[in-house]
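Shared between the two complexes below is chain A, which pairs with chain B and chain C, respectively.
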Partner chain A sequence: MSLQIASHEIRHVLVVEDNPGAREGYQYTLEDMDLEPVLEMGPLGSLDAYISTVAGRCEAAICDHHLKESGYAGFNGAKLVAEMNSRRQPAVLCTAWEEAVVDEIRLFRKDIPCLLKPGEFDPESFQRALEVCIDEFRGHFQPSRYPSRTLVRVEAVDQDNVYVVLPGWNPQEVIRLTRAAISPDVHLYIEAGARLHARVNIGAERQDELYFDQWEGK
Partner chain B sequence: MTDARIRFSTEILRRLGEELNPSPDQSLLELVKNAYDADARRCRVKLMSTDAPGGAIRISDDGDGMELEAIQDGWLVIGRSGKSSRERTRLGRVPAGSKGLGRLAALRMGTAVTLSTRPRGASLAQYRLRIDWTAFDEARVVDDVVLPIKKVRRTLSSRHGTEILVKNLRSHLSRMDVKRLARAMILLADPFGDDPEGFEPVLLAPEFGDLEKLVRERYFEDADYHLIADLGGDGRAEARVVDWQGAELFRATHEDLAVKRKGETYLCPGASFHLWVFRLSKDNFEPRTATVEEVRTWLQSFGGVHIYYNGLRVAPYGNEGNDWLEMNLRRVQSPEERPGTNTSIGRVVIADDEGALRQKTDRSGFIEDEAFEELKAFAQDALEWMARRRLHMAEQRRALVREQVARRSSQSQKKVESAIATVPEKQRESVQLAFEGYKKSRDRESEQLRKEVQLYRTLSTAGITAATFAHESDGNPIKVISQSLNAIERRAKKELRERYAGLLQKPVDNISRAVESLAVLGRAVLRLLDHGKRRTGRVDLHRVIVTVIEMFEPFLAGRDVTLKQDLCEGAPYLRGNDAAIESILANLLNNSLAAFVAGGGSERRVRVRTEIEGQFWFLRVSDSGPGFQDISLEDIWLPGQTTRPGGTGLGLTIVRDAAKDLGGTVEAFTSSDLGGAEVLIRLPILGV
Partner chain C sequence: MGAIVAKRKLAILDVGHGNCAVLQDSNGVVVIDAGPGNALEMYLREQEIRRVDVVLISHADQDHLGGLIALLASRAVEIGRVRLNTDSSKGSKIWDDLLYELELLDQDNRLDFQPFLTREDKGAYDQGSIEIKVLAPSKYLAGRGPGSRDRHGRRILTNSLSAVIRLSEKGIPLALFPGDLDEVGLENLDCSADDLRAPLLVFPHHGGRAGTSELKTFVRELCDRVRPAKVIFSIGRGRYGTPLLEVVSAVREHVEGVWIACTQLSEHCASELPKVHPKHLNREFAQGREGRKCCAGTLVIDLDRAEGLLPIHGDHQAFIGLAAPSALCRRV
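Up next, the complex of A and B:
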């Protein structure tokens, strides 16, 4: 059996997860969807080496974020998922949203259309997530993902972080961005009170869903 | 038999050049690298009217130029790997080894390009070649376009070298493109090194001049620490850290550095890693000539760890926002004594004749294979070692301060005692008595402080352990349980159909609720550790209260507790940090939950009420538990005081300290209208 979403026929789903128990957990769900799980046992080495082995073995992927700690892979899941999606291979990231993870994932969020929490992962949510990915490949964005050019006001700056407000999203809420989340092109302009522009999905409901792209300085 | 050939459509030229080298600065940099390969000492890039389409770019160098064969079999050949020619050049340089794709992209930036080259040597030849890209657009395959190379006699005075003119640019260069190109050219040939005979690329643009001035400032001598780590060809490393005067502070053998890998060698080419670390505080810079602002600006432009591979810089390592050694991440995890990319500058110099490291075709760094990962491990191990040594030094410093304080205190005591001895005998006894009293109360205060320090150490340990547990449980066991449970539910429903509800529904729901409670606990711990919550700023009190209540909701439901939220009108705020308010409410809710275990009515109720009176905000948390029992209301705030077996007795102490830090007060009542305890927090606010 396979899943047909637009022109994508999905039969084999790559499971990238360092914990054997959790890997099996994904396997059960995928089997219940009549899909064929392709379990990656690891170690997966570097992303550059690994990514070239992915094509041809699967049509989609589900991926945990924390892969480096256990030595299972030389990269974290967000990077892999973003890379696959940018290659038009639907991939879904499944992780809890802790602050440190939000920072890291934000760097790749543009190419991660859908993120699931571990407890949310079931056949319906996974199928929906794949549909969202494929819709984005076709240029159809969910309202919460549609990027718009918007004003980014810098409120404060410290050594590692920049605190910004997006009046077009929520003028009351301060968003902490790591410097790495901001294009180096505009680093020169970053100071308290500076007004920058970027493309941001201002339809997002939560702060951790926001992604920033195409920064513009003065 | 008929012979046939694979031929390439002219379209491929555009795709190869443009798709593999997306940015104009990187493409132009390839032409500058060609000049380096030709042993040029100087290479000038002149931008002419490039702020609009139709402009031109001239790249000229004083290198060895090209003979006819070199143009035909080298310059015009695209895609041949540089790895086949690792031979060093006349000046001993290892060729940058481009496959010609970047060059193609640069040459195609305009609609036409002319090459003029004068080879080094006795001949006075000069070769001229013009490529008109529109001819390719009209042709079917690449081979159809013939490119005539003209040989002309050059004047005696004209020196060897090459000049490329890219004409009629298809699009303009933005200010950012120019800035990026200027920075990339300045950093290309290690401006931090000391090689006066080196390669000096120059961009004729104002952006270049400013940056170049900045790069020449060289504030290395203002660094507080200079790490020098060397990795030999045999994979063994050594390192040392010197201070600003070059005096050695620490030294490491290979075994000290490679602790994590149990002394195994690094499987990568030899390398040398230098890192200059700055403590960017005003006090630290006071006695120096450079100001902290100057050094900060310099580090903002050039900070980070750059890689120089066979003499030339490899982007993007060390670019703004590139933290390939994960220095900032480690600094966030453990800030003490660690450098970040904004507080340090460094370079890893690699000499790799064998070509063990391979650059990506799109010139976006090295392929992250084993050799590169090993190189990274070497640099990271050196950083880890330096951090360990510096921490050790900081610990020694703290121990010394403790010792000095104790010594000084005892010296002061002796001084006072000898002063008392000089007091007339009549008054001496009363002064002596007063001093003894003072000493006793001071000792008591010290003892109390020691206990508090111990308490907070215990708390920190508990926090760290809880965070580790939370990370682990949220990531693994909880995920496994919830996914397996979902599978059981789905499959059982399918197999058992209507019998499922009677047989399994309840136990499955119970596990599901229990897992959610566990996850909530874990997340609560992790959220308390959020970086931003400890930052001082405006705190919207009701927003924090609502967030904490939401965080506790599943857990309260699991304990069959009903929480009533009764918040007053308005949005009161104060200056402080979210973490403090969170600590207050989370500890009070924990207390109520614990109280229900001890007894109380059959109904478990908690009420969180807020009120505003003048410039004060009141938070009143009441419950229907048994109230404070077997302990006086005064003692409940003391650290370690608990009537609950296994309780820490720390929760209310934290509530008191957090409220005090915000300029507020706390008050407790044995019973409330709900029947149990009530705690009232009163905090001054800035507005509503």
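Up next, the complex of A and C:
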């Protein structure tokens, strides 16, 4: 059996998870969906080397975030999921660490259309997540993911971080961005009080869901 | 003059906590208030509207103008005129943000921005057969400005200066948009009783307290003057606890048979969200749709048909019966 979403026929689903118990959990759920899990036992090496092996073996993926610490992979899940989605292979990140590692995940959030918590993973949510990914490949964004050009006001800066406000989103909430999350092209303009523009999904509810792209400075 | 609009309609958008209405008339598009976030941009994109001829902002609170900052920055549409009253009491960064975006467009002569919106602007904003009448604030009140006092010594707040805008067609009232009008603003309204009447009222301040001490008296006086058949609360679920039970009860008490509709499902009415996507909603963009937070969602009046306000009352009531066990609009 397979899952048909738009032009994507999904039969084999890659499971990238360093915890054998969790891997087994994904396996059972995918089998319940009549899909064929492709379990990655690791170690997976570097992302560059690994990503080239993925294409022929699966049509979609479910992926944990923390993969490096255990030696299971030389990369973390957010990076893999973003890379796969940017290659039009639907991939879903499943992690309980979304808020705890917001800086790391935000770097890749543009190409992570759907992020699930482990407790949310079931056949319905996984299928919906794949649909969201494939919709974005076709340029159809959910309102909470639509990238609008918007005003970014810099409130304060320190050595590592830039604190910004998005007046078009919520002027009462300050967002901390690492400098790495901001295009180097506009670093020159970053100072308290500066106003920049970027593409941001200002339909998002929570600040950990926000991603920033296509920065513009004066 | 804007592009000819294929379908004349008035949409009261679900933007979450905030206000926004879009009038698509035969010769152009008018936006009344622009609540925060990208809801307005998303609605305009969905409706394939590429030019907004007039933007009227009732007052300088972010839940009424945040979406204008977003829309200006997005460059998603061409904007003709923007009118709103300046508010020096705010001294706020968001006010500067708005001016920053307006200036960027003004420098290119792409926008006509004037920092005033008073009741003397008769017919200036009409874009077809819908008459747009600005009933308040008066030049006197706007001239006094927030932070000062009126002729009776009462403190004028930002909300007191809310522009009150009524739409009508061929002299028949259609809807009243009073921004976040408070009791000082209401008492300073200098217009005839007939001017305020409208079958549809978007209730001020989202059904919150609005700095009004005698809330029931305020509700009664407003309802007596407007005599609405339908009252809309433009709210965001989980934000600020609106509408207040006290307000909804007072509206029901003073307006017999009133149809109350909230754009989103208040937590007072349902502690949990519906498990499935509701089917009664209009097709138009609604901020709460994705998260199943809508109650009535975006409300629409098709100006060329006699269907009245959509979603259909019966369908909306059926949804409330299923999804809102403690609905404020039904509590005894």
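Operating definition for what follows: the second predicted complex is superposed on the first by the 214 of 218 C-alpha atoms of A that agree within 3 Å, B and C clash if a C-alpha of one lies under 4 Å from a C-alpha of the other, contacts with A are read in each partner's own complex, and residues count from 1 in each chain.
In the analysis below, a contact is a pair of C-beta atoms (placed from the backbone, for glycine too) under 8 Å apart; a residue touches a chain by one contact, two chains touch by 3 or more.
Keep in mind it's a predicted model, so treat the numbers as computed, not measured.
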Simultaneous placement of chain C and chain B on chain A, clash or fit: fit
Contacts of A:Y26 with chain B and chain C, given as first, second, both or neither: first
Partner chain(s) touched by A:S7 [first = chain B, second = chain C, both, neither]: neither
First, second, both or neither for A:S144, with chain B first and chain C second: second
Which of chain B and chain C A:W169 touches, first, second, both or neither: second
Partner chain in contact with A:E205 - chain B first, chain C second, else both or neither: second
Partner chain(s) touched by A:S46 [first = chain B, second = chain C, both, neither]: first
Contacts of A:H197 with chain B and chain C, given as first, second, both or neither: second
First (chain B), second (chain C), both or neither touched by A:F121: first
Chain B or chain C, by number of chain A residues touched: B
Chain C versus chain B - closest C-alpha approach in the superposed model, Å: 10
Contact residues of chain A, present in both the chain B and the chain C interface: none
Interface residues, chain C side, partner chain A - complex: 36-39, 41-42, 62, 66-67, 69-71, 73-76, 93-94, 97-98, 100-101, 285, 287, 289-291
Chain B residues within the chain A interface of the complex: 176, 180, 300, 319-323, 328, 331-332, 340, 342-343, 360, 367-370, 372-373, 471, 474-480, 482-484, 486-487, 490-491, 515-516, 519, 523, 526-527, 529-532, 537
Residues of chain A defined as touching chain C within the complex: 142-144, 146, 148-151, 153, 165, 167-172, 195, 197, 202-203, 205
Interface residues, chain A side, partner chain B - complex: 19, 21-22, 24-26, 28-29, 32, 45-49, 64, 66, 74, 96, 98-100, 118-119, 121-123, 156, 159-161, 174, 176, 178-180, 182-185, 187-188, 217
